[in-house]
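As written, the chains take the letters A, B and C, and residue 1 is the first residue of each chain.
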Amino acid sequence: MMAVDDTPSVTIRQDEFVTIGPGTLSGRFLRRFWQPVYLAAELKPGRAVPLRILGEDFTLYRGENAPHLLAFRCAHRGTQLSTGWVEGDNLRCFYHGWTYGPDGQCIEQPAEPEPLCQRSRIRSYPVQEYLGLILAYLGEGEAPPFPRYEQLEGEGVLETHAYVRECSYFNSLENNMDEAHIAFAHRSSEFTASGLNSFLPEISGEETDYGVVRRGSRPNGAERVLHLVMPNLLVFKGAPSPETGETEGRDQFAWRVPIDDLQHRSFNVSFVHATGEAAERYRERMQERQGPTGQPSANELARAVLRGEMHVDEITGRPDIVNIQDVVAQVGQGQIPDRASEHLGRTDVLIMLLRKIYLRELQALAEGQPLKPWAQPRQLAAAFGI
Amino acid sequence: MMAVDDTPSVTIRQDEFVTIGPGTLSGRFLRRFWQPVYLAAELKPGRAVPLRILGEDFTLYRGENAPHLLAFRCAHRGTQLSTGWVEGDNLRCFYHGWTYGPDGQCIEQPAEPEPLCQRSRIRSYPVQEYLGLILAYLGEGEAPPFPRYEQLEGEGVLETHAYVRECSYFNSLENNMDEAHIAFAHRSSEFTASGLNSFLPEISGEETDYGVVRRGSRPNGAERVLHLVMPNLLVFKGAPSPETGETEGRDQFAWRVPIDDLQHRSFNVSFVHATGEAAERYRERMQERQGPTGQPSANELARAVLRGEMHVDEITGRPDIVNIQDVVAQVGQGQIPDRASEHLGRTDVLIMLLRKIYLRELQALAEGQPLKPWAQPRQLAAAFGI
Amino acid sequence: MMAVDDTPSVTIRQDEFVTIGPGTLSGRFLRRFWQPVYLAAELKPGRAVPLRILGEDFTLYRGENAPHLLAFRCAHRGTQLSTGWVEGDNLRCFYHGWTYGPDGQCIEQPAEPEPLCQRSRIRSYPVQEYLGLILAYLGEGEAPPFPRYEQLEGEGVLETHAYVRECSYFNSLENNMDEAHIAFAHRSSEFTASGLNSFLPEISGEETDYGVVRRGSRPNGAERVLHLVMPNLLVFKGAPSPETGETEGRDQFAWRVPIDDLQHRSFNVSFVHATGEAAERYRERMQERQGPTGQPSANELARAVLRGEMHVDEITGRPDIVNIQDVVAQVGQGQIPDRASEHLGRTDVLIMLLRKIYLRELQALAEGQPLKPWAQPRQLAAAFGI
C-alpha cells in the first residue's frame, strides 16, 4: 500500500485495544488517565505490597498515612522492593538496605563506604486516595487533573469493592455497551424484580464530550441510561434499596482496569442515598448478605459452568448471581475473543461505536496526532429505568 | 530435490501421524472416519456440554432424545454455546438468545428488530448413538456409511466406559501392535491367570482389507489374535469371566481417539456372552469390583511411578492394574516419543507396519491421491489365545 | 566488528553463566567438574529414580550397594528406564525387558529371537558416594580426579541435607559472595547471637588457585572468611554449637547445583567437631529442632512474602529463618535477574569478581582456549568471624 497524504501511515489491528502492556498503543492510551489500582482499606499503614496492573509490576506501600507507588525492583540488584521495610514514608530494600523516598530518590546506601545515592532514582508515580480507592497516574509526563465526582461526595453510604474477571477488560466494556443481554444472560436474576429483563429494549446512544451515553427504552416508557466515561469508567444506577426508601436507585461507578491482556480487575463504588436510620437499616442488610464463608467464588462457579459441569440456572442463593452470569458470558467469549468471526446486529450498535472511538484514538496516538480532549463530568444523570 | 514423475512431491514427517489438529494431514485423515466422542450415558436430555476432541472444540447437546453436535461458539459474539439453553432439539445462546437448530441454522435472533437468521449458520456434524457411545463424523463432505458390528448386537452384557491417557493416541495404537510387552509390563497382572505373560510369543501379522491382524503364538500352541480396524479401533478378546462359563473370552472394542496431540481418550466397549442367570452373576461381580471411592486414579498412580515415588509392582488391589501398567509404559515414552532415537527389533514388526500404512495414506492425502478404501468388517475373529 | 588477533572471536552474553542445559557454554563448563546429584540416604538398594539435574534427565539406581547413573530412556522404544526393575547391578526396562549393565551396555533383549545387544549402548556416567552424597561426572571424556575433603573425614558429626531454591544457581552463588546482606536480610536471625548482623563489614577478597576467598572484617577485629571452590562449592564456618563446646564453628560445605535454568538444588554438608558425649548432646538437640511436621515449607513461606501476604519479619519459630530470608532476597531478584539494570557498589566487588572469572572461563571454552586448571584444596581455613 502506498501512503498518500490522507491515508493513515500506520496500520493498527482491528482489536488493537486488547493489548495493554507497557509500550503498546492501548497501554499508552489507558496510561493517559488516572486509574484505580487497589482498595484503600487493603493497604495497611507501614505495609508494602507487589502490585500488577496494566501488564506491569509496581511496589505499592503506605507510610504513616499516605500511599506511595514506586517501581517494582531496587535499583541496586533488582530485589522486589515490596519485601522490604516501610520507614516513615520511605521504603528500605530487604537485601542491602538501600532506601527510597516516595519520589523514588535513593536516600541511603548503608553498606556502601562511599554512597552514591543521588545517582540512583527509581520511577515513582502520583497516587491519590479517594472513594475507598487508591488511584494512580502511570503515564508519561505531568499527570492530568485528578477527577472528582460530586455525586459520590454527599451524605450517604459509600461502598467500595473489587473483583477479578478472567478475560480482557474490553469484554467487560463491550458488555456494558450491551443493553440487550439483560433479557437473556440475566433472565433469572434480581433484574426480575424490576422487570428490566422481561422486555427487549430499544437501544440508542451516542458519543459525548466525556465518552458514550447508552439508553435502553422499554415498551412501558421506562428508560435505562448508562454512561461510559472514557476510557474505562461506567456510571449507572443500581436497583433502589427497599430499606432506604430510595426511588432512583443508587449511583454505581465501575472501572474495568486490565491486570494484563487476559484478565482485569473491576473496581466498584456504590453510593446509596440514605442517611440516619435508613442508612443504618441498609448497612444491617448488607452485613446479612455477606452469608457464610467457604462458599465457592463467583469465578469458581463460572468455571464449573464453562467446563459443562452445571448450568448457571442451577446456581441458587447467590446475591452475586448477576456477576456470575456476566462471567459466564464474557469469559465464555474467550479471554480475547476472535472478533473477526462475529456477526454483529442492530443491538450491537454501541459496541461498534465504542470500538470505533478506541480505534480512532489509538490511530491518532500511533500517528502522533492530537487525541480528543475528553471532558471530566462532575454529574452524570444515569437512570435505572423503572 | 527435484520432483520427477515417480517421486512424491510432498515431504511429510516420519511421525506425521502424531499431529491431529484441524487442517493437519493426520487430523484430516482421522476425520474421514466416524469417531466416538462421548459416553451416551453421560449426556442427559436437555443438557449441553463443551467437547474437546481431535484438537478442536465443539458443543454437544441432547434434545428430547437425540444428541446433536454443533460448533463451539455462537456466530453472533462468540460466546461458548454449551452455556446456553436446550429448547426441544434447538440450542439457545446464553448471551443474547440466538437459537440454532440441530443443523446449525440460526432460527431466532430475538433481540434484533430485523433478524437476519438465514445469514447465520454454524457448522453441525452428523452424530449417532450406538453401543453406549455417541459417534460423530467430523470430516468434510458427506459422512461415510455408519459402521455397525454384528458381534456386539446379540444377547449379552454390553459395557461401555472411557478413560483419558496423557500421551499421544499413537503411543496406544503402537502398544496394541505389540504382543511382546505383555510378558514384561504386565508380568504381574491378571494375565498371569491365563499364562499369557509367562511365554514370549512368536509375532506375526499383516495388512488386511480392514487394517491389520496381529497374531502371537505361544509355545503351547495357543494363539492370541487381535485386529486393528483402520484407523484407530482395536478388536480383541478379553479374559473369559468365570461367572459366565464363557470359554472364548469377551469381545472387546477400543477406540483410541485423540483429545489433542498430547492426550487421548479411549472408548471401550465390552460384550460378555452371557444371558439369564450367568449375566446376573456377572453384573453382580462388576458391582463389587467398583470398590471404595476416593482411591487415586490410574493416572495419578502412574504419575507417582513416573516421578520415582513408587514402583508399579508396589500397587496392589487394583482391578485396573493392566491399565496402570500401560500408562506407565506409554506415558513413560514421552507424550510424543522421539521416534528418531529408537532401536527397533524383530518384535516391533507390526509397529513398523502400522507406521508404514499410516504414512502411505497420509502421503497419498498430501498429494491428493486416492486413499485405500478400507473395508468395514462385521465379524472379526479375535482370540484370547488360551 | 572485525576480528583481529587479540580480539575474542566469539561474543558471549554478559550473563552467559545462567543457561546451563546440555550444549550451552555454562552447561559444558559445570559438567567439567564432579557434581553432587542426590542424597545417598534417599536412594534405597534395588531402586531406580528419575533424576533431573543441569537441565537434563537421567536414570539413577542403586544395585546391591553401589549407585549407578544411566541415560533417561531405553534405547529400544524410549520408555523411561526408572520405571523398570533393578536386578543385581543391572537395570531391566519395564516395557520389553531390555537390560543394561552399569556401563550402559545392553546385555539382554529377551523378546527378540535374534538379539543384537552389542549394538545398543546408552550413556552411563561415573558416580561416587561420599559424605552422604551421590556425586556424578556428567561431562565428556575421562572424569577428573575425584575430590576429597580431609577436614570432613575426621571424627565428628556429619550431617547432609538438600533443598530446592526456585531461582538460578547463580543468584545463590552471588549471594555467597555478598557479606553485606547479612546486616539487612538477616537482621532478625540467629546471626544476632554472634553479632555478625549488627556491624557492616569491610569486604575484601581475591581470586585464588581454587576459586575465590572472601573476607569480611568487623570493627571489633573479627574476620569472617569464606571460600568459593570453583565452580559452585562454598566452604564456610557455621555458628559453633553450644552443646559441643566448639570454639571455631562447624565446617559447612554447600554446592549450588542447577536443576535447570530457573531453579537449583543446594547440597549441604555440615561437620560438627564433636565426639563422645558432646556429639550425643548435639544429636539430641538436632532431633528437637526438627519440630512438628505439617508446617509450611521455607519455599511456601517465601512465596507468601513475595505475594505480599506477609512480611518476613512476621515469621517466627523457624530454625530455618536464614534460609527463608535468603529465598526472599534471591527469588525476589527474579529467577534470572535482569543484570543489565543493576547499580553495583563497592560492596559488590566480589560479585563482580565471580562474574569476571566465570565469563573469562566461558570465553576460553567458547574459543577452544585452555581453561584455568583449578586446584583441589584439601583444607580450607574458613572462619566464622567471632
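Heads up, the rule we're going with is that contacts are C-beta pairs under 8 Å (C-beta built on N, C-alpha and C of every residue); 3 or more make two chains touch, one makes a residue touch a chain.
This structure is a prediction, so every number in the text was calculated from the model and none was measured.
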When chain B is superposed on chain C by its C-alpha atoms, the rotation angle in degrees, nearest 5: 120
Copies chain A and chain B touch via same or different residues, half shared test: different
Mean-CA-position distance for chain B and chain A (Å): 46
Multi-chain contact residues (two or more partners), chain C: none
Chain A residues touching chain B - in the complex, by the definition given at the top: 178, 180-181, 183-185, 200, 202, 305-308, 311-313, 328-329, 332-334, 337-339, 341-348
Chain A - residues contacting chain C, complex: 47-50, 73, 75-80, 82-83, 85, 92-97, 109-116, 119-120
